[in-house]
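Letters A, B, C and D mark the chains in the order given here, with residues in each chain numbered from 1 onward.
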Amino acid sequence: MKELSHDVLSVAIKSRPPHSHKGTFGRSVLIGGNDLYGGAIIMSAEACVKSGCGLTSVITAEKNHTALHARLPEAMVLDWTISQEFNNLVNTADVLLVGPGLGIDSHSQQLLENVLLQQKSSQWLVLDGSAITLFAQNHYSLNYPEQVVFTPHQMEWERLSKLKIVDQTVPNNRDAQKQLGATIVLKSHRTDIYTASSHYRNPLGTPAMATGGMGDTLAGMITGFLAQFETKETALCAAVYLHSLIGEELGQENYVVLPTEISNHLPYYMKKAEGLTRSV
Amino acid sequence: MKELSHDVLSVAIKSRPPHSHKGTFGRSVLIGGNDLYGGAIIMSAEACVKSGCGLTSVITAEKNHTALHARLPEAMVLDWTISQEFNNLVNTADVLLVGPGLGIDSHSQQLLENVLLQQKSSQWLVLDGSAITLFAQNHYSLNYPEQVVFTPHQMEWERLSKLKIVDQTVPNNRDAQKQLGATIVLKSHRTDIYTASSHYRNPLGTPAMATGGMGDTLAGMITGFLAQFETKETALCAAVYLHSLIGEELGQENYVVLPTEISNHLPYYMKKAEGLTRSV
Amino acid sequence: MKELSHDVLSVAIKSRPPHSHKGTFGRSVLIGGNDLYGGAIIMSAEACVKSGCGLTSVITAEKNHTALHARLPEAMVLDWTISQEFNNLVNTADVLLVGPGLGIDSHSQQLLENVLLQQKSSQWLVLDGSAITLFAQNHYSLNYPEQVVFTPHQMEWERLSKLKIVDQTVPNNRDAQKQLGATIVLKSHRTDIYTASSHYRNPLGTPAMATGGMGDTLAGMITGFLAQFETKETALCAAVYLHSLIGEELGQENYVVLPTEISNHLPYYMKKAEGLTRSV
Amino acid sequence: MKELSHDVLSVAIKSRPPHSHKGTFGRSVLIGGNDLYGGAIIMSAEACVKSGCGLTSVITAEKNHTALHARLPEAMVLDWTISQEFNNLVNTADVLLVGPGLGIDSHSQQLLENVLLQQKSSQWLVLDGSAITLFAQNHYSLNYPEQVVFTPHQMEWERLSKLKIVDQTVPNNRDAQKQLGATIVLKSHRTDIYTASSHYRNPLGTPAMATGGMGDTLAGMITGFLAQFETKETALCAAVYLHSLIGEELGQENYVVLPTEISNHLPYYMKKAEGLTRSV
């Protein structure tokens, strides 16, 4: 087990090359937000954009478009009807996030299936929230499991791994990871990351972060980091670590830390981390 | 009569246990906001989320969903048609708030009746604004009056207690409280709290807070405090006291204090209060 | 001619009485905002609420409700169809503002006519923007002209007074004011106020304020000040003076001052002005 | 080739004349924002208003109106159906911007054609994003090419000039500019401006600005600067330079700079630039 530290930030968060453009920093497509949980995908989108992803598109129920634009005109939107436009947009992504506020009805299921079938070798896929529940229920297979990240909390991990919470020990989790073949970000008050070869533990986190939407924000950060940084495992670890670091720092002065506040502080904290590195 | 003081904050606002998750801090369901008064339930929701409630859902007219999400993606929304989903959501709540911007038409009445009938022994219920007017008109009974809080201003208290404002003396108010069996937060320039066993007076408050929406914000804070803190009476007193304390402090530099500004400062002031206590 | 000075602020902006509630600070009803100019009435509403009006309701095209709530949940909204609800709400007002973004089509005209016919002896009426143009076109009469304020810029004043801009001299303006019987706030780079007995000149103002929406904000401030302060002429003068004062101060550091920024600073500048006075 | 420097700001950004009103600082009409890319035209509008344009109107898909008003009530909106109102509004403009989030379907094409046909000798026209793509596809002609600005990135410039990116040398670009007759703002990590008589290079810019929406913000700034400043070439150069200057300064403390943050800082940075000049 490797404990994450500040080092992972300085390794992951490279100084940006001077000759670059928005395409250099990746295209993310985020899918979620039904009529009840539109806020979830909005929070993911804010985290993705503010972590520096080059281009962020959100596929969500029509109902959520105005609120998304009112908060974040930087994101593009598409109604989540399955259509040629849907497939085209999914096809352009470097990273796909499916799940925040997705819900588990048959339409949500179709959206997920569609993405699972379309995943290309050049694409990373992050599955969060209801997408994990649907995945667990339906025994889907993955085109490129080594390029898939699941971000379950303990209950969702129980559904996915069939391990009851008491049985979610490190060895059992590692075994379950191997069977899935994907990377697991197992969220709890101390988050663990299981990859094919490693197990990382995040030493940070504060109960001030225990509020609805924190996971949606983390999923958006992971997406944004995967989209722009080359070394995916490091990028993922950095996203998890930084999410908690910002939470802890804001938690020094705030009894509860709102997820959207984490996102608001991303550009500043990423710059501080980058300050420790050299330009590539 | 006990006068509230800073002590109530340090007693109520516990340091959060390190091993916790959003469920630890309660689920609130807020019901209100018709086509005219959507802002009221939005203000309650902001106060509830920013006071640290773990999960906040808002049941309101469809028309208000986009504005709510645009301001507060942390909250979930449900249309306020009475449906299986409505009943399911009400059933999950630790605390229910009914009333801000609810209105008094027959649909509003049905919503209130539904919640009154459903209240379980594990649930607290806060009745504010139009819910108090409806309650007074219709002589409803309460499943668990000892777990109900009414938050009337003096006119609403007249409707509920049948005491004219001039007759709203402490002894009369105590008698009326006993008949209802519920806790009364009687709002005026100095708010009184009547419980089965005690009468508290809030010594704080400023005319800078005399502006529309202040009561909606207080109702949201009470809901959020009841959802997350164990000792309900202390939690309630702390919410009332802190609401006025923040208002007074902001009122030092502002001729009028907007209700949403009270909410924006909640995480900071709660942290300051917590700093005076020890972790449990 | 009296030149306005800081004194008018300390005279108008009284310390609030400790025993007060939102009703103490007046009810304003703002009417305007068609499908094209919704932003205008939103800006008026922000100025009205943030100047400390006790209760602010906005009657505007349905289309504008969500944006208004997203920015300002403190305001109530009503669709601007003429209805019993419309008449009831108009009837409750202490001050009515008609005009910002109203437009000049037949529906807008009907709204204006309705309000003109309804004005009671206890109500003040502020006519701004398109309401002035409509008034000039249709030769309406006023129920209580001494309780009406027109806020024209020079072109609108030409329409209302039939004085070409070159002929808008102080003597001519005073004559025109006498014929109308109402108070005139004649906006230009130095705004003049003509009342039955006086002529005030505002010495402040900056070209940084020359941007769309500044008049809507002033109209909202005038409404809010009339709603809460007893001496109406002083209240009006203070609103005009403070609007420019805030603009000048923000203009020290900003090339252009957005109207909504004026409103955001109202509570702070009003407190500073009040600090110079004694509680009544 | 002239390298832009701080001097261009002090030359372009004049102190505003004391006797002025919103009309003094120009009327801009912005056209764009389809159902997918509404955020783009919102970002342009924010840049235009916050750069000090006197009056800003936005013609966009109905769907985007609420989000625009929620962020920026200072802008007026019109649905983008082609109508008499559309033509009337276009006719009032001092500067027209077409393109941000416009899309390339047949309706978008008709909007563009309409504007191209209507351009008057008194109007400047800025063509950005999809408008450039449509222009390149359809070989339109320009009424007043010397009053047209194209703002392509390198791919769009390839479509417009038929020069492959590797062939986009200064001499080739100058030739292509001459053929078009319009001014070219060729965006890359160092932006070039080609006018009939000059070639300017912007020495500023940071990869922190490489994120979606940055070009929409620049287009809005250019529009706002052209609307209010007399010397158009200098105004254009100042907009390009200041956009990057603000980006660089914010980029000192932020890993990524959001386009809307550039706009938020415009009034402050323009004032700083003006501070170096004398009132005209």
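Note that in this section a residue touches a chain if its C-beta (ideal position, glycine included) is under 8 Å from a C-beta of that chain, and two chains touch if they have at least 3 such contacts.
It should be emphasised that the depicted structure is a prediction, and the values quoted were computed from it without experimental measurement.
It takes 90 degrees of rotation, in steps of 5, to superpose the Cα atoms of subunit B onto those of subunit C. For the pair subunit C and subunit D, the fraction of shared interface numbers is less than half, so the two copies use mostly different residues to meet. Subunit A and subunit D have centres, each the mean of its CA atoms, that are 34 Å apart.
Within subunit D, residues 66-67, 70 each touch two or more of the remaining chains.
Touching subunit B in their complex are the following residues of subunit C: 13, 16-22, 24-25, 49-56, 65-67, 69-70, 72-79, 266-268, 270-271, 273-274. By the touch criterion given at the top, residues 35-40, 42-43, 46, 63-64, 66-67, 70-71, 153, 188-189, 207-208, 210-214, 251-260 of subunit B touch subunit C in their complex.
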